[in-house]
């Protein structure tokens, strides 16, 4: 799992039928201290995350498991809204 | 999911039988502002996207879910034609 | 499989129901000599690893196999607590 | 899918039983203009591609779908022999 | 598939039960000419490879297919011991 911040939405009228009604968010991957890293990606959101929320997301075939319909063609999904990251220096 | 722009087609006469009749597009990955990033890849297209369209695509085993025959050997597939990306600065 | 050191925890109250009761650790990938490499990630932990432990972890869809409920939407999981790495120079 | 050129073969007498009789090729990934990029990899070839051919290949679990026995442990497979890549500048 | 050289072993007493009795090797990825590339990783070995052997390995969910128990949580497995790589310059 990786951490990211919600920064926008993606609108696609013409899409795969299994994606009808599925919310697509633009998320900015961040490190455990909240600093941006790598490029924003598009993820499905079954948790109703809001703009600015820090989320935990997963990638790959398993991302569809975040949805009710697990054969939906997606590869990135939000699975948790993060309250805090407790990091002790090793 | 990632964003890309359709930039061409790939023609392969001799191919895996499950790929017969499947359209193969050359797509250029772009960021959320439409700027090119990384190398073009080849993706299956069940949505009849046209040259210049911005699309959302997925990668990996799950890409086959974009097709009717889900055991087709593909690893990148177009799942939406993007109307707009709404990005508010965090 | 890759090696990592446990460096913290991630707390998420609102999350996918299959993740209820699943422990989420922040782990720092390390090389075979224990030096940090790449960014910390979030992994599920079914083995009760402690802060500072060196662990072997896996990524991708198969990470869910580390849990009792194999359809849980996760993509990184701890599968072993490492006692030693025996490395002879080739 | 990605493009590559066939540049050699890999011989392995002692191997997983499901790989008996499966041809292993060394392929050099190329971009859409035929220029080499990244490192050569080893892929299974069910299409009898020859030295110098340009091929389309897939990676990951889905690569096994290119073979008759879909539970073969492989992660890269050739699925098409490319005749041409039509690329119009966007 | 990728090529690697066996350079050591990983010992983990406390681990996922499906990994009991499974041999874990430290392998150094190499290119087709035998030169090291990228970081060593940990792979399961069902073929009894020895120190210094060149092996072909796979990554991802499909790595478990290299073992008798295909639901074992692993993501890298050795599938062949390489005799030779025949590389003709294209």
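A, B, C, D and E label the chains in the order they appear, each numbered from 1.
Heads up, the rule we're going with is that a contact is a pair of C-beta atoms (placed from the backbone, for glycine too) under 8 Å apart; a residue touches a chain by one contact, two chains touch by 3 or more.
Just so you know, these numbers come straight off a predicted model, no measurement behind them.
Q: Suppose you hop from subunit A to any chain it touches, then on again the same way; how many hops at least until you reach subunit C?
A: 1
Q: If you walk from chain to touching chain, how few steps can bring you from subunit D to subunit E?
A: Minimum step count, subunit D to subunit E: 1.
Q: Cα superposition of subunit B onto subunit E: how big is the rotation, rounded to the nearest 5°?
A: Between subunit B and subunit E the superposing rotation measures out at 145 degrees.
Q: In whole angstrom, what separates the CA-based centres of subunit A and subunit B?
A: Whole-Å distance between the two chain centres: 20.
Q: So how far apart, in whole Å, are subunit A and subunit E when each is placed at the average of its C-alpha atoms?
A: 32
Q: Which positions in subunit D are in touch with at least two other chains?
A: 60-61, 63
Q: Thinking of each chain as a vertex joined to the chains it touches, would you call that graph a line, ring, star, complete, or other?
A: ring
Q: Beginning with subunit A and continuing through subunit B, what order do the ring chains follow?
A: Start: subunit A; next: subunit B; complete ring order: A, B, D, E, C.
Q: Along subunit E, where are the residues that touch subunit C in the complex?
A: Within the complex, subunit E touches subunit C at residues 5, 7-16, 18-19, 24, 26, 28, 39-44, 51-52, 60-61, 63-64, 71-76.
Q: Would you mind writing out the residues of subunit C in touch with subunit E in their complex?
A: 1-3, 31-32, 37, 46-47, 56, 58-63, 65-66, 70, 77, 79-90
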